[in-house]
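The letters A, B, C and D name the chains in turn, as written, and every chain counts its residues from 1.
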């Protein structure tokens, strides 16, 4: 699972998590969404929101609460109670980029249109936003956010004027938008789940008593005591009503064209999640095993960089036979409001988040496993800390290939010149990290770690499943 | 001026205040807007917001900050600084109704449309909202707020697709909307001020150095050190650009059709404001004089119910020759977070907000002047307090006629059955208030107190300047 | 009543207000204390606190809540409920000086000693603190605050070891301490009220049903629905128990030695308070009348500087026959968190707190009445504003003599060189204020305005009722 | 390291952590103390505080900031800056019991006494508090807190009247107080560190450049970039002045009488700390090895209950040869403000804090290692979760003996009837936990895990190094 305090400058960030529930019997879905969002918090820490409705109430009465910050900060017993007694609802967590970390962009997007209300929670990024937006503007549209979910909502609203049902309008909109999207949509009497035809982002279905749930990750189903039913298929629209689940697969592509984001397996998703039948934990252990096969090391100890490096480190240890151990103590009290040490303090050795267990590493040749390197600053610092604590050798193993290319589908990768791998070969990177050896996961291993499922590995390979957009549409499309 | 702590259940509430500035030289308009809004705070205490732009910067970069609460609570040195260095901006204060006191409805409404960005601050209420909205919905529009300002914005955006300038688009939109509106609109390079043809709500122009300002009330111009230039005329569009002020009067009506809200003179506006050439303070003193002529009393002391009754009380004293005095002490520390006394406490005499100066009233026949009576509860309580403090007689004089009819133009009047004057003649009201005598301002005096200007007095007389809407569109149009 | 927003740099500040209640029947005294403190808020805005106990509960269980800020900010429904069901309690408001505005100094001081617990609320300032403290230190005492109330508490605790009752211990302590003090003390089964022999600070007794109350001012008794019983006499100890009120007057001085702080009548106390039988409102009106007699003016209008100048202005108008009017509009929304205009803004005319009613003063000769001048900056600014608004002449009348000397008894007077009157005669002050004429209340009028009661006027006359201390002990005694 | 979110009902709590620094060159010790306290946060989460002084400034000017909550919540850049430029300071973290979690009890205790000021930070619990307090009361002392540190402070103050130096006064006070205490004391020109003669609580000395530091644990020295110098010896007083470190060992006992709290090794201290020469991490690994020897199991996987069970689990795996793995995913976003699931929700399976990695445990016989069991509720729930996830067998191993006796020295152990081990033998406990087997660490292993150092294991064995007090003085001595 993602750790917040340590290495935030070093980690890539997921763009969102979505959650929805339709409880045919119950009337307090807001708490369930709250716990669901807590379990998806690693997918976005910028803002969060919950929208709730009561299918038995007046049509189109949606109560919403959104705010900047973590789920546990934004929601209180009071404002959760203020969401009232609804039996259908959606929730969202969003991650924080510098530019557009504004409340207006928090989701779910709740809106009024010809057929009443719609609430929409979106994970992913569209690639034809500029064209779509231009078209709408020429019809006199106004935009109150800078998220492409609003574009999606507009297209659904326009399609709805002439189509017979909300799900049909969604389908018409899907024909126009291109890119990555997993959506949970609440209309007055329906809960709709959608995954784009490439299946970039995960989405699955759960069941608890007489309620159906939709969630970005299966771990959130465990948390709320629901059982996993199945994944929404890439390209599928599922529509949950009192009559059960209706599925429309007419937009699905041939399986070989699917392109799941492999970084969900490597780092984004929680290890206790399964995506399209593959355990994230197992995928990480497998990556560690591949690393041990492809990049063996003579060493005395295998350690993971906490928390996300631990599973791969265990795989490495299992495959190599080198003992697995703990080398680091992380301070779990270093939260978001923590006052960062000044540059001067850092130079004089102040290091608040992580400490090395000297006793565990002194005199040893250490294999240090991490899930990825972005800028390299943190990795280099940790190598240095291990040596200062007495490690004789430090062998760095990374359970992902080097980052080299931008992502247009919802992952925030810094510009090329900030990537340590940009313009350097592995030996040069090793030198920059001051490691004794360095091994990356090989690109062919990516699909193998996902049990052979087709994955998108464009950020490593530069091979995009959809042509990258002409304009740079990453982040907010309105600069 | 309106007092917040005392009698909030008793007072009518204005719907909004607007403010705008275009400083051709400066680059820090946000503080000026902040001080302007502080001076318009009596027009709305629910939410407030500021949007700022820099005409020299990239087109359409608008920085906005909005929040629930008072100007002095919502804005901090930090978030004001976060609005950056702009030379053009608009601000808004909004008042709080129960139902839709949600952050989504805070203004200015900032949006992106075909020509970049638009920020819109609106005071007033449209009467043909349902038709306008239905038309938009059928074209696939989505609505993210429940304020009619969004309808107005849509119509401007749609007109802008084919019109040559923002002000022309505003004019086209004005041809479609019907009702009360004073608007301040910021486009990337212009500041536009608009007042509806009836002139329901005030709007005036100020100047400070090389800057032009727009404000609901002239008192805010004093506050920021600007000089009053003139009022925007009913029906006029003024467009402030680097080339100066352009005026379009083609939508103005004949002066006799104008219909200023007379309640601005009676209670809403600050006494140090002038509206269309008439001093609010003088209008109130005049109302007091009229009351003394039309409803004289044998008494020893004239007192005002603080603060808003004081000016009329002075007028009454001047005309009648009865000495003016102070009878009440208000606790100015009773703010919004104050814990209200329980019913039980109130019955046992706990009264936190207002106390009577026994020494001032004991043994005296008192004329008590207030600006209006809505439900009558507070007025009755004060009469009782005066008697308990030893007043021999209490003669109530009200510087407005009795409220009998709903307002569709932006004033929040409770439903008829909550109005003390509903179904009662003056003698019956007097009895209900337990006063020794009662006199209201006569309806013909309304226009006289405004120096003969044509006013809207529909809430008193039932004669509406525009036909009331078929559906009840008061408050939020989405119920 | 004191106004917070305007002129805070200009006004002297009271040091505290105290409140206590013993309800023989009830069990929820905390709300009563809360409303009492709200009505005493003008006596101190730095910090406040409430301590509550239940005489039926385990001996010495006192629940306390204190905090920095206003009563309405510090106390919430939750923390007030947290004070539990007690039938006896004390409350305190304290004012804010720069240096020692720390939470440790908030009162009531709650402590544990040989006989259980004691809670103590103190208004005033001792003059022999250094000697008292030195003596205690030599016995190994430790001090956790920098308020002299702690010294007082120590002496009570030490006296209690050998004395038969709490009130006897209080009396022994009173024999050691010298200075100004009105105290409300809660022991496990008693509520004790004390006023120093000079009677510097007020304290009165109230009754409501089967409860007795003690309060700095009688206005707080009105607020909570209690009736005024009588003032505590200078030097008297009253002890409220289930057996009624016991009084010990053995420390009282001959009446002619009493020395009430005259500034309570001039400015500190609320106008609806009576102190030692004299109405504060009447005292202020009388001061205005004296001013009119001693310093008449040829003028068209008498106005008060709001709020505190209004009563004296009415007295001046009554005596002189010149009409009383309103010249200023104060913005009541300018609270404590308000962002102050920069020097530059102020120079360009930004004035947020106060505006002049031009219509009321233009072309007129104005008598402007205020209660006092400290530094003179604000007064000068207001004179200038009146002229800018069109006043032909401005005649300043002050309902107090010039401040010239320090106060050692609990009023925070700036050092001499900050006082406008220091080293200047009245003509020179007038010139500094740019007024057309200036008149101060004459010193002999001080006792007259208090119906002949002996008062302390040392800050004006330099004649101290107690020898001033050798060391400067104003403010915190620990520098 | 202690985890906050999970199992808080299950874990014992340390009473405090202390930190001090005297920087002969520097003048910004507050940030260093802040980072030090962050690293000691696991020792107390109720309240925290920092007191800072400048030896070059006026004698006895101490700036203090304290508050309820975590270090990262209480301290902001602003209030840290407000502590000013000091070169000597102390800090404290305190843990939360229900009854006395009040701000008055936050430390450091800062006080004024005969020789100026003293700031005192205390970890531990005295056993003769009632006698000490009674004696002081009879001399007229007053108490403003309910912590025994105030008693300690009084005795130092009284001793100081006649003794030649602060450290001598501390020594005299140590002769009177009995119990557990590690103290850091700041006088105007000295930093003093003290450990009680039994050495219950740790305290060590560090050095960074020209600064000396005192800290409860060595991990905080690592964090601030200081090097470990040595432990303060049980019974030793170290006095740090500009002349260096002076040591007074005259109160030290023979080593065999020392009685370090063994629970520091088992659970309290951070694994990267060394206490009296013994690595906490190694002690825990050793405990796991002992468990494997004394309580072997036939199993496929060894897992630790995160985080604190992991080190012992690794020891168990190493000794037994059974593979070590991860079975749990903890949600690190579940903070203190998190809304707890209702009983009903928990029963329907909502479990927010911890999830089992089904893939890792399914079909396996699992050894689950935890550091201790208090009530047993959590342990039982985890066993159940492992089985629900598919574990074939669950063998519980606890790296401490069963808790059976109260602690009087600063550890908060629930009353006997809440302890699962009370009145049950191991087989009965196993049954209650529904585990397949259960093994506790044997009591003789306790000293072995601490490399043979004499330890206090009274909570397991009932053999107290000091006679337990006649009255129950645990927690606050004032009930």
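Quick note on the criterion: contacts are C-beta pairs under 8 Å (C-beta built on N, C-alpha and C of every residue); 3 or more make two chains touch, one makes a residue touch a chain.
Values in this document were obtained by computation on a predicted structure and should not be read as measured data.
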Any chain in contact with chain A as well as chain D: none
Most remote chain, CA-based centroid, reference being chain A: C
Whole-Å gap separating chain B and chain D, where each centre is the average of the chain's CA atoms: 60
Inter-centroid spacing, chain B versus chain A (mean Cα positions, whole Å): 48
Chain D - residues contacting chain A, complex: 1, 3-4, 31-32, 34-35, 38-39, 41-42, 70-73, 75-77, 80, 208-209, 219, 222-226, 270-272, 279, 281-282, 307, 310-311, 314, 318, 323-326, 329-335, 337-339, 341-342, 345, 348-352, 355-360
Chain C - residues contacting chain D, complex: 58, 64, 102-104, 109-114, 118, 137-146, 150, 153-154, 157-161, 478-479
